[in-house]
Structures are given as C-alpha cells and as structure tokens.
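Dropping the structure in here first, questions after.
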Amino acid sequence: MSFADRTDERLIDDNSPRALWGNLVRRLRSGDLGMIPVVVGLIVIWIVFYAMNSRFLSSRNLVQLSLDSATIGMISVGIVLVLLLGEIDLSVGSVSGLSGAVLAVLLVYLGWPLPAAILAALCTGLVIGMLYGVLCTRFGVPSFVITLAGLLAFLGLQLLTLGKNGTVNLPGESALIAFANFTFLPPWASYALAVAIGAVYFLARLRTIRRRAAANLSAPSVRSAVIRAVVLIAAVALVAWYLNLDRGIGAMPLLWVGVIIGMDFLLRRTTWGRHVYAVGGNAEAARRAGINVNRVYISVFALCSTFAALGGVLAAARLQSVSQTSGGTDTNLMAIAAAVIGGTSLFGGRGSVYSALFGMLVLQSITSGLNLIGVDAFVRYMVTGGVLVLAVTIDSLSRQARKSSGSG
Amino acid sequence: MSFADRTDERLIDDNSPRALWGNLVRRLRSGDLGMIPVVVGLIVIWIVFYAMNSRFLSSRNLVQLSLDSATIGMISVGIVLVLLLGEIDLSVGSVSGLSGAVLAVLLVYLGWPLPAAILAALCTGLVIGMLYGVLCTRFGVPSFVITLAGLLAFLGLQLLTLGKNGTVNLPGESALIAFANFTFLPPWASYALAVAIGAVYFLARLRTIRRRAAANLSAPSVRSAVIRAVVLIAAVALVAWYLNLDRGIGAMPLLWVGVIIGMDFLLRRTTWGRHVYAVGGNAEAARRAGINVNRVYISVFALCSTFAALGGVLAAARLQSVSQTSGGTDTNLMAIAAAVIGGTSLFGGRGSVYSALFGMLVLQSITSGLNLIGVDAFVRYMVTGGVLVLAVTIDSLSRQARKSSGSG
Amino acid sequence: MTQSVLSLRGIGKRFGAVQALTDIDFDVRPGEVVALVGDNGAGKSTLVKIISGVYGPDAGTIEVDGKQVEIHGPRAAQALGIATVFQDLALADNLDVVANLFLGQETTRAGALDEETMEARSWELLRQLSAKIPSVRIPIASLSGGQRQTVAIARSLVGSPKVVLLDEPTAALGVAQTAEVLNLIERLRDSGLGVVVISHNMADVQAVSDRIYVLRLGRNAAEFAIEDVTTEQLVAAITGASDNVVAARRARSTDAAAPAASTKEETR
Amino acid sequence: MTQSVLSLRGIGKRFGAVQALTDIDFDVRPGEVVALVGDNGAGKSTLVKIISGVYGPDAGTIEVDGKQVEIHGPRAAQALGIATVFQDLALADNLDVVANLFLGQETTRAGALDEETMEARSWELLRQLSAKIPSVRIPIASLSGGQRQTVAIARSLVGSPKVVLLDEPTAALGVAQTAEVLNLIERLRDSGLGVVVISHNMADVQAVSDRIYVLRLGRNAAEFAIEDVTTEQLVAAITGASDNVVAARRARSTDAAAPAASTKEETR
Amino acid sequence: ACGSNGGGSDSGDSGDGATIALLLPETKTTRYESFDKPLFEAKVKELCADCKVNYLNADQDAAKQQQQAESALTDGASVLVLDPVDGKAATSIVKSAQSSDVPVVAYDRFIEGADYYISFNNERVGEMQGEALVEATGDKGDILMLNGSPTDPNAAQFKKGAHSVLDKSNLNIVGEYDNPDWSPDNAQKFTSSQFNKIDPGSLAGVYAANDGQAGGVFAAFRAEGGDAVPPITGQDAELAAIQRIVAGQQYMTVYKPIKLEAEQAAELAVNLATGKDVSGTSDFEGVPSYILDPISVTKDNVKDTVVADGFYQVEDICTAEYADACAAAGLS
C-alpha cells in the first residue's frame, strides 16, 4: 500500500482477480454501470425482434441499421454537447434541412464543386451556432426560445433556398452519394481497423500505466491491459466479420463512430472538454474558477449546429435529394431523444457522447424491427412507445439502485 | 419602526409616495419586474402589427385572438405545472387529441350524453397523468422519455379510437360547440365581472392588511389597496368595453383565465402549491422536510394531463370536429413554448401560471398578425422566429440586469 | 439509568469502494446531550443521515424508545420524532425564509396558507436565535451562510420532536448566534429531549454535552463522559495520535502568547 | 509602512431593498494577515465577492498595488493576482477532486490533460492540509463537508497569487485540518503574500492575524491591531454591545467550570 | 458492390409465397389506413393465397420511407408498391430496388423511372377543385385559398393545378395560405382572421385543398353564427366531408375511387410477383401506367359515387345528426 492514492484504510482494495468478480456483482447491484443498461436494453430489443422475424439480425439488416442510424446519429452528437451544458437545441432539424438545401442548390443549380458546396453547407451550420451562442451569452435569452425561433426561421430559409421547385435531386454519380450509399470498407481493411483500434487502445493504456507508476500512483496491471485490448480486437473483428457477410462496414457509419470516439476524447481528455462539464455542472463555479464561460457556450453551440449541418449533408447524400421535408418531422425529437435515452442528463454536466451512439441504435432498432414486421400505424406508434419505456426503465431501475445505495 | 419585520436598519423604507416612484425606477433598472417584460414584449408586437394593418387591434380581431388562444393556452397551464417541478410533458398534444377522440366517439357513435362524454374525456387525461407520475416516481424513468413514449403511444390510441372513418363531426347544435363558439358574456355581466373582481381583490387585500397589523407586521396602507382595486376594475372594464364592441368576452377564454387565476391561487396560497415549488426548487430538501414527493409528482402529472385533455375537448368544440390531426403538429411545441416565453424556467421552481397566459398571447398574436398581413410561407416562418427572439430578448435583458445587480 | 430514546447497534454503510461506517454503536437517552466528534470524513454526517432516514444502513439495527424500527425515509424518521439539522442545510433556494421554515409543516387557515401567522412566528423564532436577517420575504438564495444556517436550525424548532440531531449547527454562525444555539441546546435538554450535536469545536462540545462519542475512519474510536476527559485526550482520540499538529501548534503558541490564554476560552 | 497590495475606499453595495455595504474602507499590505470579522449578514462575504470580481460595487474604488482598477469578473481578479476561497466553496459537484482542484488551470501535455501529474500533485496538496479523502477520483458531490472545504482551500494553492482571500476557511474543518490551515496562513504570510481571513472563531483570528477589521450591519465598525485587543473587546465590537449573550454565557460557565478553562484555549 | 450479395434474394425460402411491400406515405389522412391498405390486402389475398403483404407507413418523412423500402428489400419483398412521400426524391428508392431486381410500382404519385404507375393525377385534382369552385360561384367574387403544407411536395402540385384554373377565371383571391401540416386548426384560425378584412357574407367561396381544412373553414364560418356558407372545396372524400356535403356545409370533395386504384395495384403486384404478364397499360412520361380519373363529388352525386362504390354505407353517413339532410338529399 505504498501508492499515494491507496493510503486510506477504508478503501476496499479490489485488484485481486477474485475481488474483480465481486466488484462486478456489487456494481451490478448498486447500478454503477455507465452505458451497460442501455446496451442491455438494446440487446433485449434485438432478441425480441429476432424472435419475431429472424431477418432482423441478418447481416443485411444490420448494415442497413448502421446506415440508417448515422445521419440523425450525427446530429445527436451535437445535441449531447448542448445537453452537457444544460441547454437545448430545438432547431437541429431545420439547420440540417437548411444545410442540405444549401448543398443541393450550390451543387445542382449553381454548379459549385462538391467540396466547396459541402464546406458552405457546414459553414451555414457554424454561423448559425455561433449566432445562438452569442444570443445566449450576450442577451441571456434561454436557449429553448432562441432555438425554437431558429427552428422556424431556418425552416423558412430552407423553403426560400429551395425555391419554387422544391425537391432537388443530387447528381446520381456524385461522390457524396457514393460515400453515403455505396462505400464500404473492404474486408481486409475492416480487420486491419480492428487490430489498429486494439493497438492504439493498448498503447494508450500502457502509457497511462507507466506514467501512473512513475507518479507513484496505483496502476492496473499490464496483463489486464493486454486482456482488454485482445477482447476489444476480437469484438470489433467479430462485428466486422458479420457485417462483411453483407456489404460490410459502411463509410458513413464509420465516420459517425469515428466522430463519436473523437468527441469523446475531446470531452474527456482536453481542457475544453473539462470546461464543458464544469460549466454544465455549475456555471457559477466555473465562472469563479476563471473559465471563459461565454467561449465555452459559443463553441458548444457552434459545434452542435455544425454537426446538425453535417447530419443534413449526410441525410441529403443518403436520400440523394433534398426537399422541403428534409430535416422535418421527427428529426429534432429523434436527435434529442437518442441523447436522452442514451443516458445524457437534460440538466447538464452528466453524460457521454456514446449516448448518441447507443440511444440512436435503440431508436433505429425499434423502427427497423417494426418495419420488418409491418404493422398498422396505430400499433406501430403504440409499440414504439411501449418499447421505449421498457428500454429506458432497465436503465432507470439500475440508476435508482445506484441512488439508493448512496453512490449517485 | 415598531413592526417585527422592519427592525433591521439596513432595510430601505419605501412606503412614502416619493420613494414608491424611486423604487419603481430602481426595479426597472435592476430588472426585478416579474411579468412586466413579457407584457412589454406583447405590447411591442401589437404596435408593430397595428402599424402594418390597423385591423389587428380591432375588437373583432382581439375577440378572435382570445378564442384562438384559449385551447392550447389551457394545455399550457398544465405544462407550467410540470415545468415548475423541473420535469416536462411532451405528450400533451397526443393526450389532447386522444381525449378529443374519446369525446367524439362517445358522443357521436355511442350516443353518450354530453356531460358523461366530457367526463370520460377528462378521465382519460387524469389516468394517463397518474400513470406518468407513477412511472416517473416508482421507476425513476426521466419524464422526457416517458412522455415521449406517451406521445407515440397515445397518438396510436387516438388513431385506434377514431377508427377507420377518421374525422368525426360533432353535432352542430351541441351545447359544447355553442360554449366554445357562440357564448359570450352579455355587456352588463362583463362590467359586473369587473366590479366583482375588484371587490374580491380589495377584500382579500384588506383582510391581509388587517391580519398583518394584528400580527405586528408592516402592512401596506388601505389607501393603496383602494387605488389598486380601482385601477383593476377600470382595466378589466376597459377590456370588456372594447371587446363588447364586437362579440364580447367569450365563455371559453373566460374559463381559461378563470382556470389560470384559480391555479395561481392554488400554487401561491395552498400547502400543495408550496410543495410543488419546493420539490421543483430542491427535491432532496423537500424530501428531507418530510414532503411526500411522490404524491406531489403524481398530482402534478395528473393535473397536466387533465388540462391537456380539457384543452383537447375545447379544441374539438372549437373546431366542431375531431380528426387524426387533432393535437398534432405544433400543439406540444406551442404549449411548452408559451410557458417558457412567459418566463417559467425549464429547470423547476421558478415561474407562474400567468406565463401560460402571456406566452400564449405572444405566440397567438404573431400568428394572427401574420395571417392578417398574408405572407408567403417562408416569410411567415422567418418572421415568426424573428419576432419570438425579439419578444424574449426584452425579457431576458431585464432579467440579466437583475442578475448583474445581484438580486437574482 | 433511563432507557435510550435512540439506540444503534452494529451500523455499517458502504459507498462504492469506500466503507464509510463499520459496526457503529450509539445511544442517546432523554434529557441528554450527546456529542459526536471526529475528523473530516470520519462518517458523522453519514451516521446522522442514516438515523434521519436519508440513507438506509447496509448492516445493523436501530431502536427508538426500545422498539426496533426500520426508517424508510425522512418522513418515517419525522413520524418517529426525530428532527434533524443537516450539515448541507437542505433548504429550497427558490423559496423565502418563511416558506423554508415551515416547509412540510405549514400553518393553514380554511385550507389556505396562513402567511401572517407564519411570518410573525418566523420573526419570533429567528429573534430567539439572534438572527440578523433583514427580511423574511427574500429567497433563501440571497442570505449569507450564517443566516441560512440559522434558518435551518430554527426549522427544527417548528415541530415537537423527541430527538434532535444537529450536524455542525454552529459552523457558520457568528459569536452571538453560537452562544444562542448553545443556550438552545441546553433548553432542549432541560425539556427532556435527546440531543445529538456534531461539532469540530471542542470548546462548544465540552460546554454543552454530557457524553462524547469519537468516530475515527468510520469506526467507534472512543466514548467519554464529559467529566473525565480533557481537550488533549479528545484531540488525541480524534486524530489517533497524541503528538498531532494541534498539540504542536498549541505548544508553539503557549510559548509565545501565554498571557492572553485565559480570555479566549469558549468564544470560538 | 509598505504600500497596500489591496486597498478599498468607500465601497457600497445594495441588493434590492437591503443596503448590504455602506462606505467600506479596507487595506491589505504584503506579508500581512488581515482578519475580517462581524456578525452573520454583516457583509463580509459580499465584500470578498466584490474584491474577487463576482459582484460589481455600486460605489467606491479599488486599488491593487496602488493602481486603481475595475474588476469586471473573476477572470480579471485572478489576472490581478487575487485568489479566493469562497464561503459557498463554488465547486463543480459533477467533477472529481482532481478536476476541481485544477479547474481553469489544468496541466496539459501535448494538448491533452495530464491526469497523472495532476493526480500526483493533488495528493501532495491534500496531504499538506491533512485531508482525509479516500480517493481523488470520486465526484465532489460524494465528499463530506470538511473534505469539500479542504479541496476548495487546496485550489487556492494551485497558481501564484499576490493576495489570498479566505472566507471562513475552517468552518467545516476538523481540529487537525484547522491547525494545518492556520499553519498554511502563516506560511503564506511569511512568503510575502497579503492574506485576508474571515472567521467567526476569535481564537483562530487572534492566533494568526496582524490586524482585524470589524464590520457591523454593512459598515466599518472598528479596526484593531492584534496587540491591543482582547476577546471581550472584539465580541463587543461585533455584537455592538458589551453586555451580550456571549459575555453572559461566559459569566455563567466560568462560575461553574473554572478549572477546565485554560486547557481549552485555541482548540476551537 | 451493392447488388452483389444476396440479402434480398434469399427471400424465396421454400413453399412461402412472394412478399409484396406496400409503402404508404402518411397516417394523417384516413384513406391510406382505412381504404388503400385493406382493399389492397384483400385483393392480393384473393389473387394469391400465399402471398404476404408487408405494409409500411412513412409518417410523411422521406428519409423514413427510404429506410422502410430498404427494410422491405431486406425482408425479401419481390415487388414494391410505393406511394412516395416525395415523388421526386423517391427515384433513389427506385434505383436501389431495381438494382436488387425488385420492380417498383409507383402508386398514387408519380415517380420517375418506376416500372409501373397507377394513379390519379395530382394536378388534375387541383384543377377539378378549381373548376368546381368557378362553377359554384358563377365565376365572380372574392375567394380565400387554403393550400396544403409548404413542406409537402404534393401540396405544391394541387396548388399548381388549382392556380392554373383560378388564375384564368374571374375569381379574386383575397387571401392565400400555405397551411403547415394541413392542420384544420390553422385553417380555422386563418379563415377567422380574414373575416377582419372581409365580411364572411361577401365571400364567394373558399378553396380548401383537402377535407380536413374544409372542416376548419366551415368551423370558422359557423363560429360567425351564420349558417349560410359559401362553396368550400375539398379532397379525399372523408366521411366527415361527405356528411358536410350532404348537409350543404361543403360544396364538393374530390373522390378518388380508391377501390379501383388499390385493386388494380394489387393485381399488378401479384402479376409481377408471380411472374405473370402485365397488360392494358398506357404510357405516362415513359412509364407503363394505369391512369384513373378522380371524381368530383357534390351533393347531387354522393349516392352515385361513394355510396354506389360501397366506399361508405348510407348508415355511416346518415347518423342522427345528418338524418334530415340525408332524407332531403335522397339518401336513405
């Protein structure tokens, strides 16, 4: 017990392999599980739909699921950021629709080259987000209201941009459409990716272990790092193998997951991310600690709208067209719901970008499963509602266990 | 200075008439103004639309405005309650649609008498709300998610209830339709109402003054109570007079405003209301104070859904029919937005039911003004968004002033 | 010896990887002031929260008036006659002083809140504690730390409890208010209530308590009757060593400033 | 006499209907510990918040190192070398101890947070203050009151300020931790910083400070050099009367328990 | 790489009949769930007992419809009968299906590149509404115009058709409104607000793009107290609208004999699924098509159209409320 962080005699030392299991059981009972309950909810949904239609878990459907999740999932990443601040953005749907419209009009009517059009679409989002941030911080207008106004205003702008003709079809041979619909990792690349992910994980962990040991802090064993890396590689490779039975890992879902991993790194491992959590947890404390709260706000809103714009571009690419309905209907609700279902709090300071991933998969799985079964609209609505409550109840019950055991 | 509450020498005594004015100026500058900024925003909107089309402020249009505001405004009253707890209800639209459908089916297809059908419709809301409350408190599912699930499930139920024929026309001579469309206070009754309101206000205030004096607490002067009562009577009578130029004060808006005044009384002057604010402000403190938090939750959700159901009944009466679209589109967003625009916080514990009144009037004035002017769809969206931001910025700027002066 | 009004046996509580309390025994008799002392993080507040139903214990039994009970929540604790002033105060920031004082025990008249009676009574309670609060109609959020603490203490006087638990009641109080709270504790004892006081101020503890429990790292470390303990012994029991930093400071300062010593006693 | 590192003149602040501060003058010189005492709600914390940029003053001027400044926010105050431990601590409950300690002053390595260095340094800082915190990787929300306060105090040691303002730093601390903080204050003074301490504990105040300001109801009530003030005088200045409740208690208890008196001094 | 692996082609596991996917656009109008779907399913069952119909509804969301189409292909559908949310955008669905060798029948709304097309012509619907209004008003006076949702691509086609008639007529459009989400509520509010400018009695007629809005318009008129309403148009032949027509509260609605359309589509789909020959098509913009004519329903021909087709029973229409009007209109 010579480590600086292991001196307190009340600390229960849980490094022995036997204790690890006991620890897991205790964590299960106390509900201190992070993403596990959502994942369990997801697995339950999958099993149920599989029982009703075995094609649900076919490679083809899972590939489809990954493609379907990526567009709104990308928007949801931005929503997680905003929720972490304890704010909300109701306008992501309109912003994604507007950016899609900008893309389509520049590309098709004005003949801009693709990269320039994409850049312009993303910039639309960026500018809108910065506007929100400024309004929110300078005038103190609640984000609910500004973004509600944005929802309307940018829907208007979308209609204006599209003009009288409405729907614009993107050129079929565009690289963007190929990216969103036809680009998949070749099998060898997918396995290489699995190994690369495992290796990066292992090296990062090894470095942490070394540095902790050097700082005289307790550190997990190298063996555990090896085991975890191997399990990680195996898991990714398994997923890759199964998806490769059909078309494989799509470029668009890959981009989505990559963005999530990247944002998770930014949030957990950089000063900016730390400040986002601090402002979300206690804005006044953050201000008193000398954090530039306004800058954090503006950066988060800008990122959120940019992700919304990116989602709009991807949605346009996937649908191969942009119309007045783009970004409409349930886009907002789905994007926000995914984040919340994944476990991000609406009150700020608690959550992770992975909630966008799992929350979106839950929502999309329900949709996809019901599509396969093919039921009347009213049944579909009712079942979606029911399954949603069930999936989240698993999560909530475990959280409640945590609370009553005093650790939350 | 012999009053128990006036012993601290730092207290600035502001009972002199001259100080009253200084006090108002100070309050204006510090932003400690309650509902005034929203009302100012509303007045600005009215002036602008009046400038663009003088018919906007005609008696006729104001009567119209009052009728149009009452249905969703009623739903918004429930939303304020839920927001006061720091929770949300996304399903009020569906619940209102469902209760409308129940009403219509019972009335038209099953031939129930009107009161029974209305009661059944309201009970639908009540039961749903209690279900939410129980799910929220027993399983700890976040209200955002349960009510999102409810939004879908009850939409499904609405479609199921309406069955294959869809739209149901309510019997044209039904008392309900008459209530919502043709029933207006006769002029003498409206002036009597003004006097009655003033008298009740004066008596209540007089009683407070007497009781405070008896308890050796400082009390406002009886003169000030007289002045306020007279001003109140004059204001209500003026409104009544102007509306009487057209059809007058409608029964439905009157019910709405009555409900708001009643709920305001319940919230500010009863134990239950006190507990709602306490739970919304600090649920843990409320629990430790021995408040039955679960009961507060269930009662609030039950009330909210019941108001949603009542709103649905009124909407059905006003539209004289119920269809699959009833309670759809923007009902949820409008109801929530009205509460937030009126100044109720999304984070619980701060706000008043009057925000439903003023917030709804702001929203409905924008819609009505744009209807009168008659603009393209895209302009309509953009202007609505813009006006919304403007109206709320007035409010926010004053709130900010309050904050920087340290009193918020 | 009278029967204990509150009696704990073998209480244990674990938070995640931290065993906060282990096998705690604790008794309070009517008309007795029991002090609970210990270092920061020793588990004092956790014990109070278990008694007042905020947390459930992982192990052990609780008896009230000799009957074993399960305390399922703060409401249950209140029903058993246990009133508590929490260290983190637990006030609703958005409500005003009157509303907080009477929260959960509002006075009503014909169904409506009787604000005048409550306000008049608030002034009385606050004056009893020498509180310097300019207005009882401002939200708690705008009070100073000591003012908030006074409100929390006044809260416990609103009902009619059998046992009063005070978790560091005087931490933020001024000298006059502290003296009033000590007077109050003595009054509560004299009216036959059991009182539990947690404090880091040895002078206060020794001034009002009859018995002292010492917790160290979540375990019963010692129990003293007030007559046969010195400050040194207490400090040694709390820190777990007699050559501690407090003793070192005292040695240094008595060297330097011996003359002023006797005037400082019991003023915090 | 050296130049003041911090100097306030005529500071006033009003909240709604309450005039919290009126015409306050205040000076701190380098290498000096200035105590600020006063009853609850006297305005001590408000003054500290004005100095640290949390509130803007309604009247008066602030000079730092002899230059008049406007402090527009906490960032500005920090840039001027003013570090503050607030009475309400101002910690982010959702972050762990390390994150809170280094908030706004994170150590990075190649753009990423250097968690290992921060964690090792955290243990060092906390050990210096005798903190009994089992793990620095749990959220602040799950710490005890005293543990939280220790973290807030340790925060002020990260960085290199000219003036340190401590608003009731020892209120929730155990005896050992209090002694460590008093030692810390002395070390800060010895390294030439200006230190402002607010406390309700007269023993602590008299043990470490060089000069004492007394506030009463938002006004400068008195200023003492430590050499020529007794506890009685201080208490009288704070409460505004020499026949106060504190004196009454003392009279009673010295009658009853005279023998134990000298052992209790300076242990809180 | 897309069509190369056989996710869709492992559909024909032994014995089972073919799967036909029916993709409809929305649930807010009754026709899809109440008529199209059951009529289609019944006809398929009749023609091919083992065939399975996979029914999907996109809730007015083009992206959702794309997902549903993909799901249907995953589920091994051998024909897609697709009523697109957005006909223009649906070309990508068509391409995707065709690359899996699944034929697409464009149902009710035209899709470029589809294999077959069965429909009533949307612009024609607008024209018929316009023509009826011109006729009912005697081609003079002021009218209001309430179009469908600005975010619904089909609404633009109705609007275009209606304008093509109304703009040439002598009618004067004094207020025009693109109603978000086709909401009857908004229709009522808009109409009421117009009464500030125009006396309700002086309006010659109202163009309402569908029956839902017609209901809102009627509610606005009735709220004015007068029972006299000018001619109001509609579309979809909702039961509520037929009742209003019978009672003289709405002038006309456009009835699309859905039975014909649905059964024709079912027959075509079964033929395609079972590999039988298809005949009797005409050409519409290069797509083999069955073009059906919508019918304008007014009080005079309720009996000969919706009732005669069995679309509604007389009992459905003639509830207690409408009994008298029914008798007057000769429905019994």
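Chains: A, B, C, D and E, in written order; residue numbering restarts at 1 for each.
The definition used in the following text is that a residue touches a chain if its C-beta (ideal position, glycine included) is under 8 Å from a C-beta of that chain, and two chains touch if they have at least 3 such contacts.
Only a predicted model underlies this, so the values are computations on that prediction, with no experimental measurement involved.
Q: Tell me, which chains sit next to both chain A and chain C?
A: Touching chain A as well as chain C, we find B, D.
Q: So which one's got more C-beta contacts, B-E or B-C?
A: Greater number of contacting C-beta pairs: B-E.
Q: With chain centres defined as C-alpha means, what is the inter-centre distance between chain A and chain E in Å?
A: 38
Q: Distance from the CA centroid of chain A to that of chain D, rounded to the nearest Å?
A: 44
Q: Measuring from the mean C-alpha position of chain C to the mean C-alpha position of chain E, what distance in angstrom results?
A: That gives a centre separation of 73 Å.
Q: Give, as an integer number of Å, the spacing between the C-alpha centres of chain D and chain B.
A: Computed from C-alpha means, the inter-chain centre distance equals 47 Å.
Q: List, in ascending order, every residue of chain E touching at least 2 other chains.
A: Expected reply: 27, 33, 150.
Q: What parts of chain D, by residue number, touch at least two of the other chains?
A: Correct list: 15-18, 132-135, 142, 217.
Q: Touching two or more other chains, which residues of chain A qualify?
A: If we look for residues of chain A contacting two or more partner chains, we find 8, 10-11, 155, 159, 377-378, 380, 407.
Q: Can you name the residues of chain B that touch chain C in the complex?
A: 4-5, 8, 10-11, 208, 211-212, 214-217, 269-271, 274-275, 277-278, 280-282, 284-292, 349-350, 407
Q: For chain D, which residues count as touching chain C in their complex?
A: For chain D paired with chain C, touching residues are 15-18, 38-42, 44-46, 87-88, 130-135, 138, 142-147, 150, 168, 171-180, 182-183, 200-203, 206-207, 217, 230-232, 235, 238-239, 244-246, 248-250, 253, 260-268.
Q: Under the touch definition given earlier, write down the residues of chain B that touch chain A in their complex.
A: For chain B paired with chain A, touching residues are 86, 88, 90, 135, 139-142, 144-146, 148-160, 333, 337, 340-341, 346-347, 377-386, 388-389, 392-393, 396-397, 399-400, 403.
Q: In the complex formed with chain B, which residues of chain E make contact?
A: Going by the criterion above, the answer is residues 27-30, 33-34, 150, 175-178, 180-186, 188-190, 192-197, 211-212, 215-216, 218-219, 222-223, 225, 238-241, 243-244, 316, 319-321.
Q: Looking at the complex, which residues from chain E come into contact with chain A?
A: Where chain E meets chain A, its residues are 1-2, 5, 7-8, 21, 27, 33, 37, 53-57, 59-64, 66-68, 70-72, 74-76, 85-86, 88-89, 91-92, 95-96, 150-153, 156.
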